[in-house]
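Presented sequentially are two complexes of chain A, the first with chain B as partner and the second with chain C.
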Partner chain A sequence: MDNGTSFISVRSVVKEYRVGDSTVRALDGMDMEIDEGDMVALMGPSGAGKTTLLNMIGGLDSPDRGSVIVKGMEISSLNEGQRALFRKNNVGFIFQFFNLIPSLTALENVLVPVMFDRDPPFDRAVELLERVGLSGRMDHVPGRLSGGERQRVAIARALINDPMIVLADEPTGNIDSVTAREIVSLFRELNDEGKTMIMATHDRLVSARARSVIKMRDGHVVRGKAKSRERIVHLADRKASGGIRRKVEG
Partner chain B sequence: MERRTFNAASYSLSHLRRDGTRTATTIVTISITVAFLLLTSSLLFGMLTDGGGDRKAGLLAGDIPGSVDMFTEFRLDQEISGRARNSLMSYLLLTSAMVLMVGFFIMYNTMAISVMERRREIGILRALGLSTKEVMKLFLLEGAMVGFISWIFALFFGTPLILNLASYLINRGSESIFFVMPSMPLALVIGSLLVTMALSTISTYIATIRPVGSSPVAMMRTRI
Partner chain C sequence: MSRPPSAAETSSLKVRRGKGRKARFSPVDYILKDLWRNRSRTIMSMSSVAALSFLFVLFSSMDAGFADFFSGDTGVPSDEQKELYKVKGVMENWVYLITALSLILMALVVSNTGIITVVERRFELATLRALGISMPRVIFMVSASLAMILYGGVLMGTVLGLLCIPLLDRVSLTLFTQGIGFPLSFDPTLIWRSFLVGTLAGAIGASLPLIFIARSSPLEVLRDG
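Moving on, here comes the complex of A and B:
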């Protein structure tokens, strides 16, 4: 089902939350288009609706009004079961507070999204952890890992299903600047391999290396930077060579 | 890597290990519940089969060191009036039902608290693409594991202890109401397993179904 829309299309989305007796409008008629293979930094003050927007695109939450269309599929109209399947197959989430399961080792955490699969891809989990530089830490529980290491585990976990979209909510918000720089380089690398990256961030380090920056305020876009021509050519070349996933699958 | 698999069962097991103290106390409590149920139902079985119990059918009763052979010591069973027999059976049934209810609520409570504490974790699992059904399966697996371990404990440790206590009471005086030879046929052993599993999984299901189904975004905001 292709409606001739962008890869990700957010149309007139309104989302309100009830906080006590009052209602907070997190997204106020939000309109946005994101192309496949883009690396977008969503910027804006706290309360601008960045996280809510990520949750909508990732199928974690549904809008009160408007629609969210990903790859021609209107995810805002899916039921919870279908949305869970959509998340599992298409989206990798990375959070500010890592959100690892404390009782599991790094390797087990990476395998969590696929634990109900008939044959969980154990080797792929090992490869992903090696790729993020944690080959010696696979059997450590999160309590014995540093902030940066935990975020790397979370990145490996987000990639276990080889998603086309990676959503990161303040990915560098809880780690030191040196590690943040490494994490952003890793994001850039993933983007080069074809992943569409969308990051909600306050961090200039992240936005500086993004391909597009969308500024938000009070639940709508105030300014969006157009993607560079160079980027589109780059994506076309890569698709022609067919080498998008080579590195991850090693 | 030594361990080549990771699945739902490993997940549930790792959580039970992490929450060791609570798991242990729940297992002890459910074991006591099941052991008590085994005692009352073995007495009921005893009464139903030949009034005083069929010694051949007894799985444990006759083999307990130090226990008296109630069947030969007290042949009063033949003389019990129908009324006394009925009231004893009603008493046993009533106590069994009450104990079953207590076990049910203990399990319910444990799982309800566990789910409350793990709201954030449930939100994460849902965000990672697990369906409500799959998250429910994790909790049901935990409940079933606790139930199964409790049943083993009840069968191999609790029952002999309680039966010994019963025979001790009987030895204290012939006036004792315990003149029934407990009987524990295989059917009762299998039945007790089924009841324990039903108790643990149904109470887990009721305690967890609503919180597990709520919005993942709301659950992930939880800070405990």
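Moving on, here comes the complex of A and C:
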């Protein structure tokens, strides 16, 4: 799209995995740019490289070749400790299977990413759970929550550090359609507040509410930015009204 | 979301806290909850360590008892005393053997518990790392969890052993006068020696599961999970 001014820039990224005796190329010279405040749906068949791309952007994985740059920082060159710090400060992960800690209550699960902080934001965790509609379920362990409720806890957990980027891997893959609609509306709300949302999904409901759709196949983009005009207008409106908040720390 | 909470919300938070909700959550809370969730394993591992510590304390106190018994001897030993010296030598060897066995078995208990913990919780540990908790902190959490089991067991075994010394000494001394028992004696250094053996066992036993964590890739675990 542009030359290094994008919020997220994925350049000629190649990633291969060993599966048994063979090598699978998950990303094959992937190039992509994502603007700040965008809401992107990554679509494509299984094995297209959606999750691998999410993991690259989130600093969970590093490319074999190429670079991943987030807000001017080349995260592909960071070491494990730096990437952990990057994830903690800048990225909120939402997993398909929620990945909640079974022995902890909903409130404690939300506080997990910040439990080592000197002063964990307890009030913010309570606020986030209230916001996702779980004010009456804070003391419940995941085993006593429905799939939709678990996903809401996972969303609250992803937001506890007020991240710049929220990455969701099949966020509606394990919940019913009614709950899925509510979750997607919540994502849209978060995006309206300035969060950059990137979702790997097969769900047309999610892609319909996204501002951009990037279709992937065999490790590269086959079609992207279908809704870019709408997105640009949307971003311009929000920037004019001061709706985008920027996180300064790295 | 980032707006300050309204007065009503603030007051409702206060009410909830007043009902007993803790206003903080630390890694120690996390570790204790995890130990409680796996309480069967925790209790079993702790009891095994306690039993080994108990044995260590008991045999070491027998050794101390013999040392006390022979401390007053100065002259040429009689044949009977020579026999007793031989028994003392055997006892010392037993103490070394029991110490070595305690060390090895404690290390095995810690290692076994650690490996089960790491394997069973690999998905959870990978999630923690994905959420931005660094590997040294994850290792710290698992180490702390193992240390609680280990030192809990050592403490239980040592206290139980020390409590048993006066009781066993009374029985043993009666038998000793008939030539079949052993004297026992309380030696204050037993406490730190017991914890030293526990610490060595912990260091040896925990190394394997901790290396396992350090070498595992959270990404691979999450992908396979």
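FYI, the second predicted complex is superposed on the first by the 223 of 250 C-alpha atoms of A that agree within 3 Å, B and C clash if a C-alpha of one lies under 4 Å from a C-alpha of the other, contacts with A are read in each partner's own complex, and residues count from 1 in each chain.
Criterion: a residue touches a chain if its C-beta (ideal position, glycine included) is under 8 Å from a C-beta of that chain, and two chains touch if they have at least 3 such contacts.
Note that the structure is predicted; figures quoted are calculated from it, not measured.
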item: Side-by-side fit of chain B and chain C on chain A, or clash; value: clash
item: Touching partner for A:183 - first (chain B), second (chain C), both, neither; value: neither
item: Chain B versus chain C as contact partner of A:53, first or second or both or neither; value: neither
item: Partner chain(s) touched by A:221 [first = chain B, second = chain C, both, neither]; value: neither
item: Chain B versus chain C as contact partner of A:87, first or second or both or neither; value: both
item: Superposed model, chain A: greater residue contact from chain B or chain C; value: C
item: First (chain B), second (chain C), both or neither touched by A:159; value: second
item: Partner chain(s) touched by A:120 [first = chain B, second = chain C, both, neither]; value: both
item: Touching partner for A:99 - first (chain B), second (chain C), both, neither; value: both
item: Partner chain(s) touched by A:168 [first = chain B, second = chain C, both, neither]; value: neither
item: Intersection of the chain A residues that touch chain B with those that touch chain C; value: 55, 58, 60-61, 80-81, 84-85, 87-89, 91, 93, 99, 101-104, 107-108, 111-113, 115-116, 120, 122, 126, 138, 157, 161
item: Interfacial residue positions of chain B with respect to chain A in the complex; value: 1, 4-8, 10-11, 14-15, 17-18, 120-121, 124-134, 137, 213, 215-217, 220
item: For the chain A and chain C complex, residues of the former touching the latter; value: 51, 55, 58, 60-61, 80-81, 84-89, 91, 93, 95, 97, 99, 101-104, 107-108, 111-113, 115-116, 120, 122-123, 126-128, 130-131, 138-139, 157, 159, 161-162, 190, 193, 245
item: Residues of chain A defined as touching chain B within the complex; value: 55, 58, 60-61, 80-81, 84-85, 87-89, 91, 93, 99, 101-104, 107-108, 111-113, 115-116, 120, 122, 126, 138, 157, 161
item: Touching residues on chain C, where the partner in the complex is chain A; value: 1-2, 5, 9, 13, 16, 21, 23-27, 29-30, 33-34, 36-37, 123-124, 127-137, 218-219, 222-223, 225
